[in-house]
Structure formats: structure tokens, C-alpha cells
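Labels for the chains are A, B, C, D, E, F and G, by order of writing; each one numbers its residues from 1.
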Amino acid sequence: MTTIIYIALILMAFGMLLSFIRFVKGPNTADRTVALDTLTTIGTAALVLLGYMFHRYIYVDVALIYAVLGFIGVIVIARYLEGAL
Amino acid sequence: MKQLTLKEKAERFIINWVFLMLVWLMFTKTFFWQEVVVGAVTTMLISLASVPLFTCCTIKIFSPVRIFWIFYYFWVFLAALIMANFDVARRVLTPSLPINPGIVKFKTKLKTPFAKMVLANSITLTPGTLSVDIIGDTFYIHWIDVKTTDPDKAFKDIAEPFEKVLLKIF
Amino acid sequence: MKKILIILLLAGLGFYIATTYTGIGFGEPHFKHGVKDTYLKQTVQSLHVANTVTAIVVNFRGFDTLGEVTVLFLAVTALGSILYKKRHEVGVRSVLFSSSSIVTAGSKLLFPAIILLGAYVFIHGHLTPGGGFQGGVIIATGFLLMLLAYRNYSVSHIILSIVESIAGITFAGIGLLGLIYGETFLQNFLPVGVLNNVFSGGIIPIIYIAVGFKVAAELTGVIYTILHEKGESNG
Amino acid sequence: MIYFILILFLMILMIAAAIYSVYQKDLMYATIGTGIVSLALSILFYLLQAPDVALTEAAIGAALTTIIFVIAIRNTIRYEGDD
Amino acid sequence: MSAMEIIGAILLLIGSAFLFLGGLGIYRMPDTYNRLQAGTKATTLGAMSLILGVGFLEPSWMIKTLIIIIFIAYSNPISSHALARANYKRKHFPLILHGDVKEMDAYREVTEKEENKEEKK
Amino acid sequence: MDNALFDLLDYAVYGTAILVMLIGIYGALAKKSLLKIVIGLSVSDSGLNMLIVAIGYLKGGTAPIFSPGYLDGTNKLMVDPVPQALVLTAIVIGFGVTAVALALVIRLYRHHGTLNIDEIKNLKW
Amino acid sequence: MVGTPVLFIAIPLLAAFLIPLLGMIWKELVRIVPGLVLIYLLILAVNLLDHVMVHGPIIEIIAGWAPPIGINLVFSAFSGFLVTIMIFLGLLIWLYSYRFKKNVGYEPAKKYFLLLMMLITGSVGIVLTGDIFNMFVFIEITGISAYGLTAFYTGRDSAEASFKYLMLGSIASTFLLLAIMIIYSQLGTLNMADIANRIHTMNPTYKIISLIFFITALGIEAEIFPLNGWAPDAYSEAPGPVGAAFAGIVVKASVYAIIRYIFTIFDVDGAFNFLIIIGMLTLIIAEMAAIRQEKLKRMLAYSSIGQMGLVLVAFGFGTEEGVYAALFLMLNHAIIKSLLFFSGSYLVYNSKDKLIAEMNGLGKKLPITSFLFALGAFAIIGLPPFAGFWSKLSVLTAAADKNMIFIMSLILFVSLIELVYYLRVVNRLYNSKEKASSIEVKKPTANALITMLVLGGLILLIGFYPDVVTGVLHKASAALMDKSQYIHNVLSINQ
């Protein structure tokens, strides 16, 4: 079981790394924001998995909040790019 | 914003309350009386305050037929989602990146904004498509592998299975 | 030249701090007779609160929290004073045009859920992670979503300031009630209930709910003020 | 072991994002960089067994800091001048 | 290992694999829209499956994990749609590999119409 | 193996926190753009907060929350709650200061039409 | 006893939260309520001080937890004395700035009085609290109010001054938190008395490092020499009365904090000598800078920095006479510098570009204001019949007691510099030819005049009968020096 969690975490870390590279390279703002969005989603999943690793149910609340608020952060940047602000 | 009649208000309030109460119960994961009382009061206040906003659906949503269709929709959607992911995985993992991107458009028969939103979200999560904009009832879809640029054919390929079910729900 | 100087200065400072803190050691108990053990013990024994951090923030060191709420309140006031303009442009929009119907319809449904999430976070502040600040921030973020998505969504300034004032008065007033019914400021004067129930911890949940309302109103005020700040140079 | 790798990875991510957001001339990119710093920091708080703080950092860093920076950029200029 | 745990472990692996693929897709795809496609779909399913896997591993967490899944499935497409639209409004047109640009990019007519309207003003 | 790695971690956690803090302060001191200065301050705040939380960490400890699941468990070691409570305060205060700073930046831009501190006479140093 | 020390914090906070509501009922209330609060607090402070003089310090615990666990407030003779000065000064500033400008609208007025009240409350909190992290919170309250007040006038360069202040303030709070965490990680407590009780078990290196961080952080607010870059700008750009508030209240609170750390908490050798050196440096450099200033308010700002240097020197003697002299200096500085700022802001108001060179002949147009300014100038230099004389004399005696002849001569030399630049202004006011200007002179309002007259009267009163304050000052300095009594008082409270 632990092995599986380890593999999962390492895969997610690689996913984060690749998104981060895209964030550094991304030619324009939207690309970077996509990278941020992906990082947030992977981070949310990672938070749930880590909560399982620590065996604390209450830790999951943090993931819940990230799932909701990360989205609003992206909307903010999208609205700025649209020129609506 | 048009003036709401009392009946509409009450309808919205009840849907909203039920919906939020469900969310609350999922948050707290318990039927302990204190939690339920606090939750009922909180959700009631919030749904009272958000009556002018809440327009997802009418009270008919609670009829058993519709609930059945909602579940049906869920399975259709899930299948499409899994398909979508294997599709993306195939594209990403193939070294030559087999893509032929473009934007196509089609029209939908759905009326309420909420139904359109559900359709757009479903499209975004299904194979190779991403909804870029909705203007009126025209959808503009970014398609990773454009097979046709004709609106009707595109509609058949992308949205038909969802729309059929959604028309029954809303 | 200046940059090199700054880097050298910071390198020196960093070395200094780093040696200090690595000497302190990571992950080991640093001291023997700290207050932390008392906190951990008293939280369960006399306050019947599950979350020790909440107990510290609201009860043991509740005075800090009063100050912190005040800092936010002052930040809003200072923000308004710095960006003050005569409000002759009443009909000014928060955003220039509405978002696409997907975002508007989506945020309409999500908005009550976000508010409920915020309320959940601050009502359960003494049982789970989170509390007044976090819940307030989440609620303010919900308002931010609505302000961003809709062109003509507006929040009443008067209601915001009334909510803010009443919440603040509740906090300070509960403190003073503690002085009257108990013996000291902010002292708990309510029954503490059973551990891990919603109704437990005496005044702690009440204060956290007040803090939640206050923070929500304040941050919504910040967002509202700053969204309506249309720079004269940039249209 | 995995704990160690993860914490190290997140710390490197955080440092990289911090350096990026301090060095980047385009302030919008720098703002998104602070968002990543905040995400990494939040997960690190989580790993350091501080869910309360992680929650606060998530709530403040995800949307609120971004919006105030974005509006400041909107009201001023987006690019840092040559220096 | 009980059946629940096996299901959970499989879901966990699938989820993390898709999260990784999401990252890879974002890294490899040539333009913003394709990146959004890869990023949204793969990470959404990845996160959903992984979180559901955790729910299977620890059945008492199931309800909480379900609500996280609902939030993710609801909000992720909206944000990627908003980004795609914003990016188009910024005049970053999608990459067209084959065929006529006018035909393959149906959305351009809308933006052109808007531009004309602004010019008339 | 694990122990050696944890030894390295001793230095890595504090080191990262201090490094991030110094990067932020460097940005605040060396950069010319006012907004960049504020970004630097907010980054340095992040590093500082991490440093404070790291002080309260105990190896093998868990969060100081006595939730029902915890009370059944066997692990009774808890990390120090006090730094966490202090950091909560510090984060909120930092946010307030950042908001005020950005408001000042907006006003400075309105007066001077530039964000470069070399062109704003009193801020040159 | 009519109340407890916690009311000093609770009542202004309650009022601050109430003011937006009251403003909706009657707009004038936002101006009146802060004054009423300050009057109440002054009565409370005087009563408590009276009680403390007889019965010994009051230790107030908060939230029902005895000191090492909870937060406590200490109202001893020393802190009570400072609190009383601060609130008295705050009340005068409120009175002076009531309708300071006629055309100020409702919203700015509300914000101004709110921020001013919270500035005073924050400073009072810094002085009263017995907990180092709580002190950090109050420093931030003071700081944010100060940023808001500095940037109060739109359309001037005030935003720059405020931004500079904010930058330094943020760095200061970083250092402060670092220092607090070093102490916490070593001792596991945040209560001052508990720390002082166990400081000897701490590793000396950490002790010195955290003390350095503390002094760096607090030195920024206290205008110690290399860190006072914000002060001249902030003083000259903020509204006139706010300059008095900074000089009289904020700086006092920060100096108090430094003194509390050095005298009570840390027992580091050499800290006193360090204080003397840093104080002398601050004093000399600030006075040298003051003589070159062309704007009146900047000159007053540098003079104020120099006075604070002198206060630090006096504290640095480490003897009871030194502390007595320092407290006397702080009291005098509070009233005299406020008078100078109050009258100076009318002088500035009537001169172009705030330049000293433009003040020719204002003595005839504004007779009372100019006279009071001259009075303040003579008093702060330390000329015999005024209040400043006694404080300077006591500093010199304290130095003589420790056989520090060099320091004495330096202080005298610096007084000479002060004499030069203050006389320059007074000379301009009276002995120059009036320029033909058609600009109408702005006369001080009635309440401003009352304020200034009260301060002038106080200067003369203390000048002729120093005994009215010396008794309190002796008690206060004794209270600061008695460290073990402080620790005992705080830690022996059991609930």
C-alpha cells in the first residue's frame, strides 16, 4: 500500500515539475495561468492523499478550500486578460 | 431584473435550501442534532439571502423521472470523461503529437443559461473539445482534432448525446 | 554596484540568521518548561475545544486576535483614506462588461455554496482547521467572484459597514461581558459543553463567528474599494 | 523517505517560484509566481502538520492576493522598466 | 487487502498517472488551447480518480471526497473556458495546422464583428 | 538512511525559509519598480511564516487538534500549537499591510505617472 | 479604583467599531466621540496612576489565565506615567485638530479621527502589554494608523513618505518576528516576566542575536540613527498635528519598548554602553542635519530625533538618576515638541513651500503663535526659566555621577547647535523685515489657540515649579529599575 502511495506522489511531483517548467517557459500570460491552474489541481489531489497518509480526516478541509478558491484565482486573471477589469 | 412573484421566490428558496442542506450534510458527514440544527439555520439564512440569484432549475427537478435522467446523464458523462482522458493520453504520449486543432461552431436547442453551462462544461470535459464561448445559442468549440467544420455534423459529433439527456432534465 | 552591496549585506544577514536557526534544530523539542504543554492540556480539560490553535487564538491569546481584527479594520480605513475620491461617479461599474454566460451561470450556482463553505469553516472553527479569518476570507472571495462575473453586481457599502461594526462590537462586547460576569476581560462565562460538539467551548465559537462576519465584511470592503479604483491615467 | 523527497521538491519549487517572481520583468507573471509560492507554501505547511495555517495561506494566497496585485497592475503599468 | 483497498489503490494509480499526463500534456502541447485541453481533462479526471481512490481506501471519508470531486468537476471546466475566452480576446489565435484559417477558426468572425463595432464608435 | 536524510532536512527547511525571505528582501531593496518592491515584501513574508511554523514542528508529531479520529489513535505526540497561532496573526497582518502598500503604489502612480523609484524624488536612496 | 487597565484598549476599540455606525446617525459624532473617549481615558489614567503611586502596580490578566499562559497588562508607575502623558497629549492633539481645516468632508474626517484614536491606542498598548507577541500586534496597529495618517493629504508628496515608512516598518516587523521566535524557541514562553525570569538559562549567543534584532526592529520606529530615514519625510508630509503625535506618542512607545527589553528582559553586558554610543551618534548626527534644513518641519523632525538620542543616552547611564533624567526628558519633549509642532504648523501654513526663509516677519501677523513658538524653542534648548532646563540639568548630573566628562561636554556642545538653529527661526520671526505679501494670514482657530496656551502654561509651570512632576518621576524610575519586583509581581498572580 505504501509503495502505491509513494509511486502516486512521485508521479504527481513530476506532473508539478512539468507544469512548473511550462510556467517558466510559457510564452504568454494564459500559458502561465494554465500552469498555475494545473498546479493547483495537482496540489489539491496531493493534499487529499497526504491527508490519507497522515490518517487525519480533518486535513481534507484544506483540499476542499483549495479546490474552490484556486478556481477564483484563475478567473481573476482571465478577467484581467479579457480587459474587463 | 424582473420582479419575482411570491410563488417563484418560495420555489427557489426551497430548492436552494434543500440543495444547500445537502451540501452541509456532506460537509459535516453526520446527523447529530446540533449539527443539523446549526446547518438548517445557516442554510436557511443563506438561501433567503440568495433568492434573487438562484436560478438553476425549477421545483420540477425533484420529480423522480428527472432524477432518473440526472443519474443517466451522470453515467453518460462519466463514460465520455474516461474516453476523453484516454484520448488525451494517447495524444500526449505519441511522440509526433497527432493533432489538428481548430474552432468549430454549432447551435443548441437548450434554453436556460444553466443548462447551457452544464452542456458547455460537459463538452469541455469530453474528448478533444473545449468550449471557448457561448453567444446566444451558438457554441464555439475548440477541437483538438477537427473532423468537420460543418455545424450540424460537429453538433452530432460533439454534443448530441448530452443534449438529448439535458433536454429531458431541464 | 548597489546590487552587489545589497547581496553582500543580505548574505551576511542570511548567514547570521541561518547559523542561529540551524543551531536551534529542526523537529526536536527545544525547551522543557514551555507554555505549550499547558495549552494542550487545558484546551481539552477546561475549555472542551478540539482545536488547540483555535483555543490559543481566541481564548488564551484572544487579545492578539482583537488586535489583529483591529489591524484589518484599520487597513480598510487607511485604504479608503489613501484612495479617497469624492464619490460623484455613483454609477461606476466594478467591471467593464459581464463575463460569458458560462461563468455567470456557474458563479450563480457556486456563490451560495462558497458562502456556505465559509460559514462551515467558521462555525466549525473550534473542531476542524479553520476559523473566523479563513471563513471570512472565503466569503469575501465568494463576493469577489460575483463582482468579477457580473457587470452590475453591487454590494451595499452601508450594510457592509453595519455588519462590520456590529461584529466588532460583539467581539469587544463579549470581552467586556467577561469582565462583568467573570473577572477578567475575554473570560469565558458560558458553559463549555461536550468535546467535539458544535455547541462547545463557551464563548469561543461565538467570537469566531463574529470574527468571521467582520473579516468577511472588511475584505469585501477592500475588494470593493480597490475594484472601483479606476486609475485616471488608464481609463 | 517520501516525506523527505516531497518536502525537498516543494521547497525547490518554492525557491524557484520566488526567484522567478522577483526577477521577472513582467509584473503579471511575477504575480502568478507569487501564487505558486503560496501554493507550495500551503502544501509545506500541511506537511509541517499545520493545517490551520495551510488553510489560511490557501484562502489568502489563492485569490485575494492575486486580485489586489492584479488591480494594482491594472491601475499602473504592467512592465517593470529597465534597470 | 480487501476489495475496497484494491479498488482504491487502482484508482490512486490511475489518478496519479493522469495527473502526470496532465503535466506532460501542458509541457508538450504547442499552443495555449491545446494545453488547456490537456491540462483540464487530464488533471480533472486524475484528481477525481485519485480523490475517489482515497475515499475507497478510507470509506468514512467518502462523502467529503465526493464533495471535493463535485467542486473540482464543476469549477475546472469553467476556469479553463474563461481562460480560453480571455486568451482569444487578447488576440492569441489558435494554432491551425491544416486547412483554411477562416474555415477552421469559426470564432474569428465574432471577434472581427466586435472590432468593427468598436471602430464605428 | 532515513536518519541521514532527516539530518539534511534540519538544514534544508530553515535554509529554504531563510532563503525565500532573503530573496524577498533582496527584491524589495534592489528592484526599482514599486510594485516589485511590494511583491518582494509579500514573498519575504511567506518565508518568514514558514520559518515560524518550522520552529513549532516536532518529528512524528501531528496537528494539535483533538478530533474524534485522533483520540482513538495511538500517536499522541503533537506539534507546538503556539507558533501556528502566531503565524495566523502574522499572515493576516501581512495581508493588511500589503493592501495598504498597494493602495499607496496606486496613488504614487497617479501623481507621478511612473513606478520607477529613481524618478520619484523622495524615494531615491 | 474606577476601572482596570484593559479599558485603555477595550474602550477605544469599542468606540472605533461604533464610530461608523454613529456617523450614520449624526455626522458630527465622528469628531466628538474620539474626544470623549480620550477624556474618559485621561480620567481613568490619572485615577489609576494615583492608585498605583500608593498601592503598587496593577497587573491585569486577560481571559482568565495567569501570566505565563495568558496575556497580561502591567500598569506600574513607570508605564502608567507614560500612558498618562500619551493620553493627555492625544487629547490635546484631538482638541487642536478639531476643525483643523474647515473644508474637510465627512469621510476624511471620520477616517482621520479614527486613525488618530487608534494611533494613540496602539501606543498605549505597546506600553501596557506584558507579552512580546502582543507588543508586535500593537506595533502593527500603530504602524498601519501611522501609514494612513501620513498619506492623509492627497495631492502632496505624502504618499512617498508613507511608502517609505511602510517599507521600513515591514522590514522592522520581519526582524521583530525573527527575534520573538528565537526567544520562543529557546524558552517556550512569550510572557515578558517569565522570559526575564528564565533568561539566564538561555544560550548567550542567541540572547545577543535576538537583542540585536529587537533593537533593529524597534529602532526604526524609535528613530535611532541609521534607521530613521523615514522620519523627516513623514513629519513634514503628515498633517501638522500628526507630527506632534509621532514625536510625542509613537516614538515614546518605541523607546519604551527598547528600554523594557534592555532593562527588564535581557541581562546582556554592554547593552548600556551600546545605548550610550547609539544615542550619542543619533544625537550628534541628527542635530548636524537639523542645522542644514531649510524647511521648518524637517528641522523639527531632526531635532526630535536628536532629543530621542539624548533620551537613549540618559537611559544608557543605567542608574536611577539616569532613568529619572530620561523620563523627565521624555515628558518635556512630549509637551515642548508638541507645542513647537502645533505653532509651527501655523507658521508653515503661512509661508511658501514650508521654507524657514519665507517666514519673515510673521511675528507681527501671528503674535501669539509666534510667541509660543519662541517659548517652545527656548524651552527645548534648555534655557533656565523653562521646563527644558531641569531635564537637561538632570541629564548632566546623571552623567557627572558616572564621571562621563566627555559625554557631558558633547551634550553641551550639541545644545549650542540647537541654540543656533532655533534662534535662526526666532530671529526670522521677529527681526526681519516683513515682505510685502497680499496673501491673507491664516489665524489659528480658538481650540488650537487654547491647546497651545495650555502647553505653554505647562512649560512655564514645570519650569518654575518642577516639584509637580518630580515625585511621580522618581517613583516611575524606581519602578523601572526594580526588575525582580516586576517579575515577582507578574508571576505571583494566581487566579
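Everything below uses one rule, namely that a contact is a pair of C-beta atoms (placed from the backbone, for glycine too) under 8 Å apart; a residue touches a chain by one contact, two chains touch by 3 or more.
All values reported here derive from a predicted model rather than from experimental measurement.
The fewest steps needed to get from chain E to chain F, moving only between touching chains, is 2. Judged by contacting C-beta pairs, the busier of the interfaces A-F and D-F is D-F.
Among the other chains, G has the CA centre that is most remote from the centre of chain D. The mean-CA centres of chain A and chain E are about 12 angstrom from one another, to the nearest whole unit. Centre-to-centre, using mean CA coordinates, chain B is 62 Å away from chain G.
A straight line joining the Cα centres of chain B and chain C is 33 Å long. Put simply, the C-alpha centre of chain A and that of chain G have 49 angstrom between them. Contact of a single residue of chain E with at least two other chains is seen at positions 21, 24, 36, 40, 44, 46, 60, 64, 67, 71, 74-75, 78, 80-82, 85. Shared interface positions of chain B, i.e. residues touching 2 or more other chains, are given as 23, 27, 117, 120-121, 131, 133. Residue positions of chain F touching 2 or more other chains: 6, 9, 13, 19, 25-26, 34, 51, 54-55, 57, 62-63, 65, 67, 82, 84, 88-89, 92-93, 95-97, 99-100, 102, 104-107, 109. Interface note: chains touch in the pairs A-C, A-D, A-E, A-F, B-C, B-E, C-D, C-E, C-F, C-G, D-F, F-G. Residue ranges on chain F touching chain A, taken from their complex, read 62-63, 65, 67, 69-70, 73. Listing the residues of chain E that touch chain B in their complex gives 18, 21, 24-25, 28-31, 33-34, 36-38, 40-42, 44-46, 60, 63-64, 66-67, 73-74, 77-78, 80-81, 84-85, 88, 94-99, 103-108, 110. Within the complex, the chain A residues that touch chain C are 58-59, 61-62, 64-65, 68-69, 72, 75-76, 79, 82-85. Partner chain E is touched in their complex by these residues of chain C: 99-100, 102-103, 106-107, 109-110, 113. Residue ranges on chain C touching chain D, taken from their complex, read 51, 53-54, 121, 129-131, 133-134, 137-138, 140-141, 144, 219, 222-223, 226-227, 229-231, 234.
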